[in-house]
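In the two assemblies presented below, chain A is common to both, partnered first by chain B and then by chain C.
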Partner chain A sequence: METTDIGLWGVPLAMLGGAIRVSTPFIFVSLGEAITERSGRINLGLEGTLVFGAMSAYAVAVMTGSPWLGLVAAALAGLCFGLFHGWICKFPKVNDIAIGIALMLFGTGLAFFFGKPFIQPSAPDLPAIPFGAWSDIPQVQAALNVNVLFLIGAALAVFLWWAFRNTRVGLIVRVVGDSADAARAMGLNPNTVRLLATGVGGALAGIGGAYLSLYYPGSWTERISSGQGLMAVALVIFAHWNPLGCFAAALLFGGAGALGPALQSVGVTQGYYLFYAAPYILTLIIMIATSSPSRTLAGAPGELSITK
Partner chain B sequence: MVDTVSSPDVRTILDAGGYRAALEWTARRAEAFVIPLAALVVGMVLFSLFILAVGKSPMQLYETMWRGGFGSWFSIQNSLSRGAPLLLAALCVALPARLGLVVIGGEGAIVLGGVAAAAIGVALNGAPSFLVILLMGVGGAAAGGIWIGVVGALRHYRAVNETISSLLMAYIAIALMNHLVEGPLRDPASLNKPSTQPLADIYRIGNIPGMEVHWGLVVGILACVLSWLLIEKTRWGFAARIAGGNVRAAQVQGLAVGPLIVGFTALAGGFAGLAGMLEVAAVQGSANGSLAAGYGYTGILVAFLARHNPLAIIPVAVLLGGIDASGGLIQRRMDLPDATVLVLQGMLFIVILFSETFYGRFKLFNPDLWQRPHFLKGNV
Partner chain C sequence: MTGTHSKAIGVETIGMTMRFGAFTALDDVSIKVPAGSFHALLGENGAGKSTLVKCMMGFYHPTSGDMLVDGRQVAIASPRDASALGLGMVYQHFTLVPSLTGAENLVISREKVPGVIDWRKERTALAQFMERMPFKLPLDVKVAELAAGEKQKLEIIKQLYLGRNFLVLDEPTSVLTPGEAQEVLGLVRGMTKAGDLTVLMISHKFHEVTAFADDIAVLRKGRLTGTGKVSDLTHKAMAAMMIGDQPIAALDSRAAPKPDAEIVLKVKALKAPDRTGLKSIDIADLGVRSGEIVGIAGISGNGQKEFLEVLAGQRPRNGGEVKVRGSAYAATRAEARALNVRLIPEEPLKNACAPRMTVAENIAFRTFDVDGNGKPVSWISAGAIKSFSARLVEQFKVKTASLSSPIASLSGGNVQRAVLARELTGEVDLLIVSNPCFGLDFSAVAEIRARIMKARNAGAAVLLMSEDLDELLELSDRILVMSDGALVYETPIAQASVQTIGEHMAGHH
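Up next, the complex of A and B:
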């Protein structure tokens, strides 16, 4: 693609395109984590799930030639990881945060173990829709080339926002997350609800991983994830466990993540590595700004260990 | 009562009491050894099943692992060398854990400690070697200490979750290192692998006499022993254990929880920073991307396996150093990916955390629940 010189306008444009491209895994992981945390557990292992999802999606796409089968494989793998976390955390004295750290290392290790043969071959990509076809400027076309998963993620955020308020399942998840005793009094089994919520959360994180390896950056390497799974956990806190907030926060993070490459594309190379730290710094600042030692966060599930 | 002391009945009972006391003493302490060891065995059995499932022989794998980690004097020295930074990295997790904090960003403190030490070593080129090495150590520890101390301060004064913030800080630290090593501190002569200028030979830390293991091992073991003394034998350690058990109770008692948390996290980060300094001064000779070799993450596993007991960290770090060291041999001999070791570590980690659920569950380890022998009934 030849580029038209559009000067410094390239930076915000590249950041917009980057925000859409980079944010998609954040959307899926943070929506998944929002479901899990709303049920009262925290799963830090989504980082490992993301990497394993990326590997399994790529491997299945290479072997079958279908990126959609890869996506299904990633979701199933994520479901297994989530169910495992949900099952093991029901035992007394088993700490959900520590198990998450262990699953982060285990998922990453397992992905590297099985992913070795798939570093070389190339897999088919997930399709994108060219919303920028009206423009003659290649940069605009590139920025508005939106992957279907981004649109699915946006729809999912709206659906979850509605479902948490208006459906039976949504209310059950919230009751279990706010008070296990109240849930038990209603005849609900908190462990079962959390098992399923963590499982669904894992499946969504697996889909986020599939996006990484099948669209952007679009190949399987051992450095494919750089903490997206973990940042998504912080992002859920920032979004006050609201799915729409998760979507907005994911876009913001995507934009921050796109800052480095965007500046590089217009020839700024000074402090290149520091711009790569932008999403992490932004997350940290947001966490400092939204946390407070004297009050609990608005919308925080009462059973969540991380806010106690 | 005085009359009956000499009667054989009572003597039997007293003897039985002494025997019983010894048994109770053993039983109460056995739990802390038996459960982790059983968990290790279960983890290794599960890993054997995994290896069987991918079509290799677990026996051959463990044999290779033993040979690569502990089978010869050469491999033992290799394991000890890899265990040395793990000692310090594990302390970075274990010390905050005694206060109830889960800090997992030791990697960042290691990286920055290494960069600070390298910068000091290059800047002071020409000064007496003992002074420069000392300042490198102090600088490395200070860099790491500030980095993790900030995590502790944010936790206490702003209620920012320390697990997430420490890991974010680790990513920021690695970006900072890349920036410094590729930019302001770069040695123009380092082409393929951007590095700081190499340290002069007199500022390098050598090996322990008679061994191919650098002095970092001694530093690490000393740090573990001192940390154990700090936690178990000083009033700061006592205060920390109270705060770790129940923050409110500690505050009611008038303990200064804030300074305690900041102090412990800064000390923990200081140890990790020291690990980075040792990597630079004893192994790499300059600061470069190899500093982020994952010692910080393996250190998490070491600390959890040792249940955050600094003395238990010493054998566990050597064990995991050995498993790490055998990775290359496993790859060559058995045609398995180098990530095999990561899978084993992940499995052990999960099983060890799961084993927490068994503490206090077995009557065997709790003499208070033992049934008294019937001949003692009514006498005690």
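Up next, the complex of A and C:
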């Protein structure tokens, strides 16, 4: 097919496509972190979970030939990491943030160790749906080639938003996250609820990792994650722990991440690499803009160690 | 569950005894609360009230003793058993989940909650249930946005919603305005009269007991020291049952106020953000003269805490000025020392002590780095700290195992005594006090109030913030009411009326 020159229109189009492509891991990690934080714990280890999920998904996909089995493996690996975090944090005087940092380093280190033999072979990709097939313009087709995981993530965000209000499990997670005393008075064990919430959060982060290695960028390297797991934590705070907000914020971050490549694709040759830093600058700006020395964040779960 | 409209139940304890190791917390206590009665349980801190109640509710397993519910002997091994029998408890602190709405709180606390909640059906059921209740409450608002009185009502409603007809109320009015307290207790009283509810109320406030309860039981040091009909007992008789024959510190008689005395503390147009950052406190004009106690009343959360934090230097201000004896005051250590400003914040262990440092060190915080003439010293003398503290511990009757025990190991009353010892020693021109007697027992309260009055009579200007209106009425020369971050009402003590103050506290003016 011949490339059509659509000029500067290429920038917003590429950003839209980029937002959809880049945001998917953000969506999964931030939704997972939202569940964990709503239960009153912070899991900073999701960066490590993400990388380990990417590695295990790729490895299993290479060995079995099925990207879906890879996805399941990543979710299981993430579940294990999450449960491990939740289990350690139930002991008194254990700090969830310190454990998170330890697990982040542990996860990436372990992924590099087991991932060495899988840098060369190539694995099958997760399928995408070509929503842009109606158009003749390749840029439009590229932008609207949407991976199924993005759609699942979008549906999951809506489901979680609904479930936090309308299901028993959702209410229980919120009760535990807001007041451990009230939860105990109801006969709930906060540690068990948090263990499971951290486990589910880890599994979702693992799926986010699978997307990285099995679709975009689509291969396993040691530099596969550029801090998405950590930025997702910032994103949850920015989204005020609301799953729909997480989805929107993930798109925003994804769009910012696509700015650099988009400018490059329309022929900007100077300074575009500065725009590669856009997501990080955006993280900083958001954290500064939403922080205050004397005020706690609206919507913050009462049991979080950072807001207590 | 909630549908059935069951009747009040009677509860009785027989020879309840609870030992923790060698310590006997509860010694052979038998009380009888007949169905449909309003019973008050009185006693000082540590008298065994909460131990008794916890035994009844299944939190503790008594060493010996039995429970009768409606005349039948029952075994209560856990709070779940108590709840199945219809016994419920409303705690002093709220157990509602702040970020959930009232309706969500009620539904999730039920024993059986469906996996997916059909809110339309639940709302209809709740509306029907609420029609039978004497309280009217918005159930679609987040609990965090409810006033304290509404939260307390919701706590009681929750117990009734869960089908509990015997309620233990643990100091239910400690966070309410006098008006709210009247309303809540009045409604509860109505339900007991109608035979829908039996109440056992733990309380310190005699006037509430007299106004609402049928009978009382009094505990002292784990023993039942008295029971009787409220109508037969005077406050004096109740107090005697509670504290026995120990001496109570008498309040100094109030020295005559001097209306032209120097204004020591002057606050003008002070603005500061409150805890949420959404609202701000705004003190237009406040002056406290030497030799007077100015009381600030208000429901907690109306900015008193923030005001104190600004005066204590714990919170930045957005504008305005604070002057002590004419010079600007920003609460630095040097200024506090030069102007003789002393501070007794609420929760002294948290706000005025280093909990793990020793009693001696904590008492010496104001003086450890200066010598006898107020000159800075380069070497700190442990011996001087010890002898200074030993003197004050003696003088203020702080009960401590040793001067080198961590201050956190002291009881609440003794921590407060140690802080008073530190703050009231030496010259005091301005004393800022907040809720000094919260959670302390009778004799400690009397003593601490006497010390504050003594400081006033010695010429200190005292700014007293308290959530306890009785305390303010007892101590203050003038009372101001703080509501929504501003001082909205002022009255000299001679003309003070609880009614009017309460209305201003609730923001009805």
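The rule is simple: the second predicted complex is superposed on the first by the 305 of 308 C-alpha atoms of A that agree within 3 Å, B and C clash if a C-alpha of one lies under 4 Å from a C-alpha of the other, contacts with A are read in each partner's own complex, and residues count from 1 in each chain.
Here is the rule we use: a contact is a pair of C-beta atoms (placed from the backbone, for glycine too) under 8 Å apart; a residue touches a chain by one contact, two chains touch by 3 or more.
Just so it is clear, the structure is predicted and the values come from calculations on it, not from any experiment.
Novice: For the combined arrangement obtained by superposing on chain A, do chain B and chain C clash, or do they fit?
Specialist: Aligned through their shared chain, the two binders fit side by side on chain A.
Novice: So, does A:S122 touch the first partner chain B, the second partner chain C, both, or neither?
Specialist: In the superposition, A:S122 contacts neither chain B nor chain C.
Novice: Applying the document's definition of touch, where does A:I281 land relative to chain B and chain C: first, second, both, or neither?
Specialist: So A:I281 only meets chain B here.
Novice: Give one of first, second, both or neither to describe whether A:S66 is in contact with chain B, with chain C, with both, or with none.
Specialist: A:S66 sits against neither chain B nor chain C.
Novice: Quick one: is A:V169 in contact with chain B, with chain C, with both, or with neither? Answer first, second, both or neither.
Specialist: In the superposition, A:V169 touches chain C alone.
Novice: Once the two complexes are overlaid, how big is the angle at chain A between chain B and chain C (Cα centres, nearest 10°)?
Specialist: Placing chain A at the corner, the angle measures out to 70 degrees.
Novice: Using the superposition on chain A described above, determine whether A:A182 touches chain B (first), chain C (second), both, or neither.
Specialist: In the superposed model, A:A182 contacts chain C only, not chain B.
Novice: When the two structures are laid over each other on chain A, which of chain B and chain C touches more residues of chain A?
Specialist: Higher number of touched chain A residues: B.
Novice: In the superposed arrangement, does A:T192 touch chain B (first), chain C (second), both or neither?
Specialist: neither
Novice: Could you look at A:Y273 and tell me whether it touches chain B, chain C, both or neither (first, second, both, neither)?
Specialist: first
Novice: Look at the superposition and give the distance in whole angstrom between the closest pair of CA atoms, one from chain B and one from chain C.
Specialist: Least C-alpha distance: 5 Å.
Novice: Intersection of chain A residues contacting chain B with those contacting chain C?
Specialist: Common interface on chain A, chain B vs chain C: 292-293.
Novice: Could you pull out which chain B residues touch chain A in their complex?
Specialist: Chain B residues touching chain A: 102, 104, 154, 156-161, 163-165, 167-169, 171-172, 175-176, 178-179, 182-183, 297, 300-301, 304, 337-343, 345-347, 349-350, 353-354, 356-357, 359.
Novice: Chain A touches which residues of chain C in the complex?
Specialist: Chain C reaches chain A through residues 79-80, 91, 93, 95-100, 104, 107-109, 113-117, 119, 273, 275-278, 315-316.
Novice: Would you tell me which residues of chain A are touching chain B in their complex?
Specialist: 44, 88, 91-95, 97-99, 101-103, 105-110, 112-113, 116, 226-227, 230-231, 233-234, 237, 271-274, 276-277, 280-281, 283-284, 287-288, 291-293, 306
Novice: Show which residues of chain A lie in contact with chain C when the two form their complex.
Specialist: On the chain A side, the touching residues are 165-169, 171-172, 174-175, 178-179, 181-182, 185-187, 292-296, 298-299, 301-302.
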